[in-house]
Amino acid sequence: MVDVGAKPKTERVAVATGLLRMLPATRERILAGKVEKGDVLAAARLAGIMAAKRTPDFIPLCHPIALSGVEVTLEPVKEGLSVRVTVRTVDRTGVEMEALTSACAAALTVYDMCKSVDRGMVLEAVQLEHKSGGRSGTWERESKKDGAKAPSSPRKRAKG
Amino acid sequence: MVDVGAKPKTERVAVATGLLRMLPATRERILAGKVEKGDVLAAARLAGIMAAKRTPDFIPLCHPIALSGVEVTLEPVKEGLSVRVTVRTVDRTGVEMEALTSACAAALTVYDMCKSVDRGMVLEAVQLEHKSGGRSGTWERESKKDGAKAPSSPRKRAKG
Amino acid sequence: MVDVGAKPKTERVAVATGLLRMLPATRERILAGKVEKGDVLAAARLAGIMAAKRTPDFIPLCHPIALSGVEVTLEPVKEGLSVRVTVRTVDRTGVEMEALTSACAAALTVYDMCKSVDRGMVLEAVQLEHKSGGRSGTWERESKKDGAKAPSSPRKRAKG
Amino acid sequence: MVDVGAKPKTERVAVATGLLRMLPATRERILAGKVEKGDVLAAARLAGIMAAKRTPDFIPLCHPIALSGVEVTLEPVKEGLSVRVTVRTVDRTGVEMEALTSACAAALTVYDMCKSVDRGMVLEAVQLEHKSGGRSGTWERESKKDGAKAPSSPRKRAKG
Amino acid sequence: MVDVGAKPKTERVAVATGLLRMLPATRERILAGKVEKGDVLAAARLAGIMAAKRTPDFIPLCHPIALSGVEVTLEPVKEGLSVRVTVRTVDRTGVEMEALTSACAAALTVYDMCKSVDRGMVLEAVQLEHKSGGRSGTWERESKKDGAKAPSSPRKRAKG
Amino acid sequence: MVDVGAKPKTERVAVATGLLRMLPATRERILAGKVEKGDVLAAARLAGIMAAKRTPDFIPLCHPIALSGVEVTLEPVKEGLSVRVTVRTVDRTGVEMEALTSACAAALTVYDMCKSVDRGMVLEAVQLEHKSGGRSGTWERESKKDGAKAPSSPRKRAKG
């Protein structure tokens, strides 16, 4: 785990997204609050928040970070549910891994609660959309709309 | 967390896969063992195994399960690295969530170790390929080759 | 941690309850879904379930147990919110501690989400109501309605 | 998890208390060091300290905080054992939840170690007594002596 | 993590020991209960028990196991304190790692509580003494008295 | 857990070492990469890093600390494998326990992966070599080469 002790503490933000593809009927059932196991969207949001906090337990080389904020939103899209996570800290290293881990946990929680009716759901396009703060500055994914199909490594827009 | 106490303990297997898209140069660097942070594939395999064990901490409604085996393999494909996880147990409930969570952790560990050179990597097609055991029997994804583009819910092939 | 290896695995149930006293306005705000931090009841239920699973991390001498089911309900009462947790397992030792820990976590999650408007809330009467299974048999609290004021150790009704 | 990144780091303290009601014989056995499972008070203190550190794992929306100190005391009272926890930090958010969670863990550890002789013990009056530091200033519970019977939300004494 | 699903559940025991060398004055202070941070032996025993339960989080390829019993004893010897841990389970795989991890945690807890007065303490001879149960049968360390100096791999005495 | 809130945050380093004695054949097998369970040295390094992060869960009175760096190296010596861990932070308390815990986890991971061929391995001489930063200044072990045999408490060399 590389030493970040010499880096200054700065405000850092990372945004990650993901898409859980599902049958239209599954999406409708979730939105109608008719899933037997409970409120899927509330559970997914909480799972995402808790996973962000536990990221250093999951990703071996991740530094433990005092997160200052985590926001998880899920919204219906044509193919299923889109997840978006924003993580903030004031620390010596970034929170990209926390945002990505949180997005996975939120989406997999939806999968878990609905798998008895739609085991074929697919988690796609888990990706960083934005990060700012720190020595490497700001990074933005170029074309947000079609992440999964885009070339995987858009040029970095220098903003930092 | 639904009561599974009345279910018998049976042998259960789940297989999940995922694809981490990356720049060709990133894949080459990983395969050549030239990533500064260490052996990426070894770290990803361990992260996947450890994540499988900790799934009930991550997925709120997941039962704690005594896993009997976890196997994580990563192999190079044209678009980057493909992850495949097989989880086994002899218990009252299935291990689909363990396999999916493990696949995410393995792939995100690769992301973490290489993000300084390729922040645009995308995790795609995290999906169940197979599960067997338990009351609901065997389930197979129909077309394994093109998971991400396939309709999300293939018909279940009755095998159980 | 006392050795329970010689005990047979039997079905075991424990029920615990607790009462979170609060201002009437706080209760109304929760029930109306107007707490800024999100759906309080959904969060408390999940927190209770997750805490049940993690009890051996919290209570030093608690055995790790494969819980087969956890049910957390919260309902409004005159003084605030009443929490009730039922935990089930098929194992060598009981789940009283899981039920009590879960009840505390669910109630404290409500406290956390509402503390900015009602810091004076009090968690009362966290107590076992029922346990069954195992060598010591069934135990029932005698007067459920007025737990907090009742003598702390009702006679055990032999049922086991 | 609300963003606290813009708040300054200030010294913060929270004090929580709770009462574990028990049979007089149980209290005597604990104080005499005659509980088979070991030194109950030492175990409860440690459990309280460890629980304070793990609060963000238990309470979903709690920020991870670098605690600077935790003190757990248990003392015999007429009705059983009284628990008092003081938690300190220098951070962007308060430690009320850490103090309350710690008080529950300490009391439940006593319950766990003595439950074979007194299953009817009741945890009462888990409540915040004091908190200071941060934007919302100091808060004191008005009547400390009779917490469990007091109206749940005493007026705040402005001190901050 | 190798698959153990086909192995039968059998009773298994592992015993591990370790020696924490320290200044005589440190040992006396511990035994006299004069260490400021609290009861060192009680804390070490609890830490050992809790660590045994968490071994699969610490040792990457360790299976999660439902421990049925853990016993940690510390006793004064000429060189300092000797730790001995016995772990039991009825499961498909052994508990050697749980016993060894527990011995380390117990000894390091002593170190932690006394390090301000004796930073030079050394943890020695952490080793398996005995294991039984399972396909590989019983194993005993040959010369228990002088573990640290003995050749590291005594012949296995066939007993299983 | 003693209050460290009044201490300033300073850069702190701790170095701990340990020696895992093993049969020569075991050491050769590890170095040749012929252990069935995978790359032993890579696994041990990761286990050491992850354990450092989780030290406050293992050592009851350890403060939670935001580690800024962890480095784990294993190298072959005549008797087996030598482990060396360096932990860094910028915080109010030291990281000696993190370094010692990490050294144990790394060594025990080697044990775990090779125990089927050499159950008699012994972990020796787990000890602090150096710590710097904080009020108590710098401490160095006097004779590094023969730690296990040296008197346990060398005089402190004032450097801080």
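We call the chains A, B, C, D, E and F, going by the order they appear; numbering starts again at 1 in every chain.
Definition applied: a residue touches a chain if its C-beta (ideal position, glycine included) is under 8 Å from a C-beta of that chain, and two chains touch if they have at least 3 such contacts.
None of these values were measured; they are calculated from a predicted model.
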Length of the shortest touching-chain route, chain B through to chain F: 1
C-D versus C-E: which interface comes out with more C-beta contact pairs? C-D
Comparing each of B-C, A-D or A-C with B-F, which pair has over half of its contact pairs in common by residue number? A-C
Report same or different for the chain B and chain C interface, where same means the shared residue numbers exceed half of all residue numbers found there. different
State, to the nearest whole Å, the distance from the C-alpha centre of chain D to the C-alpha centre of chain F. 34
Distance from chain B to chain A - Cα centre to Cα centre, in angstrom: 17
Where chain A touches two or more other chains, by residue: 2, 38, 43, 46-47, 50, 54, 57, 60-61, 66
I'd like to see which chains touch which, written out pair by pair. A-B, A-C, A-D, A-F, B-C, B-E, B-F, C-D, C-E, D-E, D-F, E-F
Once bound in the complex, which stretches of chain A touch chain F? 1-5, 56-57, 60-61, 63-66, 91-92
In the complex, chain C residues that touch chain D: 2, 18, 21-23, 26, 37-38, 43, 46-47, 50-51, 54, 57-62, 79-80, 96-97, 100-101, 104-105, 108-109, 111-113, 115-116, 118-128, 131, 136, 139, 141, 147-148, 150-154, 156
Hey, which residues of chain F end up touching chain B in the complex? 38-39, 42-43, 45-47, 50
Given the complex with chain D, which residues does chain A contribute to the contact? 11, 46, 49-50, 52-54, 66-71, 88-90
